[in-house]
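Paired with chain B in one complex and with chain C in the other, chain A is shared by the two complexes that follow.
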Partner chain A sequence: MPLLLKQIAPPEVPLEADNITPDRITGQTPAGVEKLTVMHGNETRRIGDFFRVTGQYDGVINLQGDHLGRVKFIGARMSRGVIRVDGDVGEHLGAGMSGGAILISGNAADWVGPEMSGGRIEIRGNAGHMTGSAYRGADMGMTGGEIIIHGNARNEVGNAMRNGLIAIAGNSGDFTGVNMLAGSIFVSGELGIRTGAGMKRGSVISLKDAELLPTFDYSCTYQPGYLTLYFRYLTGLGLEIDDERVRGPYKRYCGDSVEMNRGEILLYSG
Partner chain B sequence: MSGENVKIVENATCTFCGCVCDDMVLTVDLDQKRITKAKNACILGRAWYAEHYIEEDAPAAMIDGKPASIDEAVEEAAKTLVDAKFPITYGLSDTTCEAQKQAVAIADIIKGSIDTTTSVCHGPSGIAFQGVGESTMTLGEVKNRADLVIYWGGNPAESHPRHFGRYAVTAKGMFTPRGKKDRTVVVVDVRKTPSVPAANQFIQVKPGKDFELLWALRALVKNRKISPNIEEITGVSLETIQALVDKMKNCRYGALFFGMGLTMTRGRHFNSGALIALATDLNEYTHFVAKPVRGHGNVTGADNVMSWQTGYPFGVNFSRGFPRFNPGEFTTVDLLAKKDVDAALIIASDPASNFPQAAIDHLAGIPVVSLDTKATMTSKLAHVAFRTATYGINTAGTVYRMDDVPITLRKAFDSPFPTDEEILTAIKKRVRALKFPKNQAGDKVPPGRASQKEHWKH
Partner chain C sequence: MKLKSTEIVDTFAEAFKMWGARVIITAANRQWARAAAQAMTGFATSVIGCKCEAGIESILSPGQTPDGRPGASVLLFAMDKASVGKRLLERIGQCVMTCPTTACFNGLDGDNAVQVGSQLRYFGDGFQGSKKLAGRRYWRIPVMDGEFVVEESFHVQASVGGGNIIMLGTDEKKTLAAATAATRAMAEIKEVILPFPNGVVRSGSKVGSRYKTLPASTNTAYCPTLKAVTDSSLPPDVNCALEIVVDGLTETAVRDAMTAGIHAAAKPGIRQITAGNYGGNLGQYKINLHELLAD
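Moving on, here comes the complex of A and B:
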């Protein structure tokens, strides 16, 4: 039986709930969980002021409510367990998480899984800007784990990401994979402009054609073998990819030539 | 002009734009309380001085639109700010550094967010400086040394009229004794602006393609290949780009000045980041610097004071008791449009007249404390509104020029209204007393720190 946190009062100002993680909740009774602190603007409050906690934690935390879009830092720094959210979530979802899984039925705001190193985040709706990216001033974004978005994502997906996988079933915004160091970004829909600007290594794969920067150079059209395995894995995660696209061929562009020129952008050209 | 009671103020400083020209000679009619002549001022500076008048009859403070004493208004403002759970302090670019410092202290005590007008102008450059670094200089260096000056996405002939004459184009310096003849000036913009006639070369880039052009320049500076259809993408031919690269690599001292054509178009901080990175790349070959051309008189001071006090230039939040920087989350337009904030302290700025409608709507629904020299849309909707003296004309203090050089202001004549610094210091004292009620002394250090001091004594 999962631990259920049902929102009873909408926060007046954003709520920072970095205590809503399996790591903090393990071994706590519902009353104990209600006593954990949250930041309501600049005042320290209790989880119980905003959520009614029932059930027993068995590895799953379930959040329900209509105003979860104002709750930030859900699952921040978590290392295990599962958080299931019925509804939207606020910024910094799973910030710096290293393990476990977060499942969101609605939309997520900006900063999904920034600087995460492991685990999986799955969003059924759309995500905001800066998915899997580095915080401002940091040199490295996500270093591991997976982010699956079934809707669209906005700008700067995987900014300075170092490893891991971001898969987007819809469209992505501008500067997808900007300053990327390594890792993979897969986009089923349209890419925004300036994909991979400043990327050193890593792969951005898209099933649609896209306008690329003048510093990306066409190298060849081919059928990369590893994509078949990749797509099989992604379909297992619930993404729909038809057989034609699995087979290819794909145009390969390498760049960014202002950097090391070792990144690749693969665009379907069937 | 009454003529008799006239005062001349030498070396006064104009605080209209980021040039902060400090060679004004002002003629002040003390009877009329008007500046009748501003020698050396540009067209904007002349208007700034000529249109300055004091509305003697206006109340210095108002609560809900009714005149109130300054003490009552300070008390009400302090209560409003202390009661708020997520307040924002915004504005700050048209006041002195001394006032800005007090505003940061207030934001710290009330554990709110603090943001300046930088977030709606060169904020993206602030993000870029943090991400890329800055090859910086003073305008004096440009005047004395620069033999290649490039203006990108800005129109200083109309926005900063004396930038050309005092610093960068016709100014005669140590190694540029013939002024314009010793310099090459390039303007890059999406259309022919009035700045173009001052330049030796005008490069017209397709709107929204600055990043692509900058990226192509970076690649060519590094001797890398770029795609052959560059002209189709940017509207600038490969030969022109290559010639500019050669010019940049072969100059003695190059300076890139950039405006909001880069920071407020699609790509924002990446556009300014690309330009700053280009300057950094060029330092492999010669000396190259880059500088944003800042708008408001002391917006650079706001960045400096914020960075000095909090570590970050704008978009800072103190909710957790320590500063956190996150543009997009703690910047004013975003906070208002998302309806996150529950009170606002607006200093020397008028967001109610120039923010997006969603932000204005929320601002109208929350208690606002405003400080401004004139009645504005913001002061009209404010719960507590203070009328203050104009910096640079009625108050002395410190401002920063766009190249981060501090300049001292000289007062021309007195104003019946208090300064921003006086009001903010009074609010700070009351806010501190309300927040730390056990420490009634008000201005003294909060109890935590006092006990630590005691601890050190032993």
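Moving on, here comes the complex of A and C:
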């Protein structure tokens, strides 16, 4: 039986609930979980002030409620287990997580999986800005793990991303892969402007054509063998990718030439 | 013991502990996958002269390969882990990377791994890149038809080499037919390869030679032309002997292959089916032929 956290009162200001992780909840009774702290503005409050906790942790935490979009830092720094959210979530979901899985049935606000190093975040709806990104002033964003978004994502997906996988079934905003260092970003829908600006290495793969910065140079049109591995993997996670896009061909652009010029943007050109 | 009209000699095959790897080669179509697999498994009949033994385990459909393309599964065996690594590096580099449209993947799980893609990547002259997906790293090496994708590491496992059966026939035609039937039956067994040409070897060897520099020499006891001048193991009406050597990832697979081979080779004109051994002093495995048939 999963541990159920059912929201009983909407917070006046967003809650910072970085104690809602399997790492902190393992071994706790429901009453013990209710005593764990959350930040409500500048006040230290208890989880029990906002959630009724029932059930027993069996590796899964289930959050339910109509105002979970006002709860931040769910799953921050988690290393194991599963968090399943029935509804939307607030900012900083899975910040710095290193393992386990977070499954969101609704939408996520900005900063999904910032600086995460492992595990998987899956969002059935849309995500805000800065998915998988570095915090402002930091050298590196996501360094491992996977973020799967079944809807759209807004700006700066994978900012300074160093490794890992981000897949977006819908559209991606501006500056996708900005300052990217390595890793892979797949976008099935439309790309915004200035994709890959400042990227050193890594791959942005678009299943549609897109307009790119002039600092990206066309190399060739070919069928990248490694893409099939990813497409098979993503299909297994529930993303729909038609056979034509699996087979290619793709136009390869190298850039950003204002940086190392070792990154690539692949645009489907069927 | 008799199997149909063929006598199964009460003896054993002496097999050795080896280390093995499975390599999955894929390509744009089956022909190119097979071409790369054949090149990689060429000159790999005996570890004595070729440093490894290798063969095509099976041809794979697109649904059986990591990238959804037609492929071939190759098994390669050597006497120790490091040797498997060296041979993989040489053969994947020279025979698979060179073949148009191919990609190359590890086909085993386990705790022991050798580095292949992480060494071959330097061919990319600094333009190589890697992707890590689901805990496995793949190197992308730019080549003239696009990219060669090769997995970073290949798992190796303790294996069994040198399982064998020897068919003693009244003439070449019948013995060859029996050997062919046996290899077809043995090829159906997973996790084994038959490293010699079409799976059959005519130049079986014994340990040692009258020439000091040679570690092995022709198996005089099974050469029909020497029956009159040596201590021959051939019955009077036997005029041809052919051997099938089998290497496998497990002893069970080797035993299964030998069993299938014996059943298929027991035909009219095959007087005896026996096996090669060194008195049981060299190999770690003794595979008794009668036990195989009793199982």
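Note that the second predicted complex is superposed on the first by the 270 of 270 C-alpha atoms of A that agree within 3 Å, B and C clash if a C-alpha of one lies under 4 Å from a C-alpha of the other, contacts with A are read in each partner's own complex, and residues count from 1 in each chain.
We adopt the following convention: contacts are C-beta pairs under 8 Å (C-beta built on N, C-alpha and C of every residue); 3 or more make two chains touch, one makes a residue touch a chain.
Predicted, not measured: the structure shown is a model, and the values here were computed from it.
Peer 1: Label the relationship between chain B and chain C on chain A in the superposed model as either fit or clash.
Peer 2: By the criteria stated at the top, chain C and chain B fit after superposition, with no clash.
Peer 1: Between chain B and chain C, whom does A:D174 touch in the aligned arrangement: first, second, both, or neither?
Peer 2: In the superposition, A:D174 touches chain B alone.
Peer 1: Go through the superposed model and pick first if A:Q28 touches only chain B, second if only chain C, both, or neither.
Peer 2: Neither chain B nor chain C is touched by A:Q28.
Peer 1: Check whether A:L165 is in contact with chain B, with chain C, with both or with neither, and answer first, second, both or neither.
Peer 2: A:L165 contacts chain C only, not chain B.
Peer 1: At the CA centre of chain A, how far apart in angle are the CA centres of chain B and chain C, to the nearest 10 degrees?
Peer 2: Here the answer is 140 degrees.
Peer 1: When the two structures are overlaid on chain A, which partner does A:S105 contact: first (chain B), second (chain C), both, or neither?
Peer 2: Neither partner.
Peer 1: Specify the partner with more touching residues on chain A, choosing between chain B and chain C.
Peer 2: B
Peer 1: By the touch definition at the top of the document, which applies to A:P14: first (chain B), second (chain C), both, or neither?
Peer 2: Only chain B; A:P14 stays clear of chain C.
Peer 1: Could you tell me if A:L229 is touching chain B, chain C, both of them or neither one (first, second, both, neither)?
Peer 2: The second partner, chain C, only.
Peer 1: If you take every C-alpha pair with one atom in chain B and one in chain C, what is the shortest distance in Å after superposing?
Peer 2: 18
Peer 1: Under the stated contact criterion, what part of chain A meets chain C in this complex?
Peer 2: 144, 163, 165, 184, 201, 203, 220, 222-226, 228-230, 232-233, 246, 262
Peer 1: Spell out the residues on chain B that touch chain A in their complex, using ranges where they run on.
Peer 2: 84-86, 110-112, 127, 130-131, 211-212, 215-216, 218-219, 222, 224-227, 229-230, 233-234, 266-267, 270, 277, 318-320, 325-329, 340-342
Peer 1: Using the touch definition from the top, list the residues of chain C that touch chain A in their complex.
Peer 2: 66-69, 103, 127, 129, 131-134, 138, 140, 146-149
Peer 1: Where on chain A does chain B make contact in their complex?
Peer 2: Touch list, chain A to chain B: 12-14, 16, 39-43, 70, 91, 110-111, 129-130, 135-137, 174-175, 178, 193-194, 197, 213-217, 257-258, 261.
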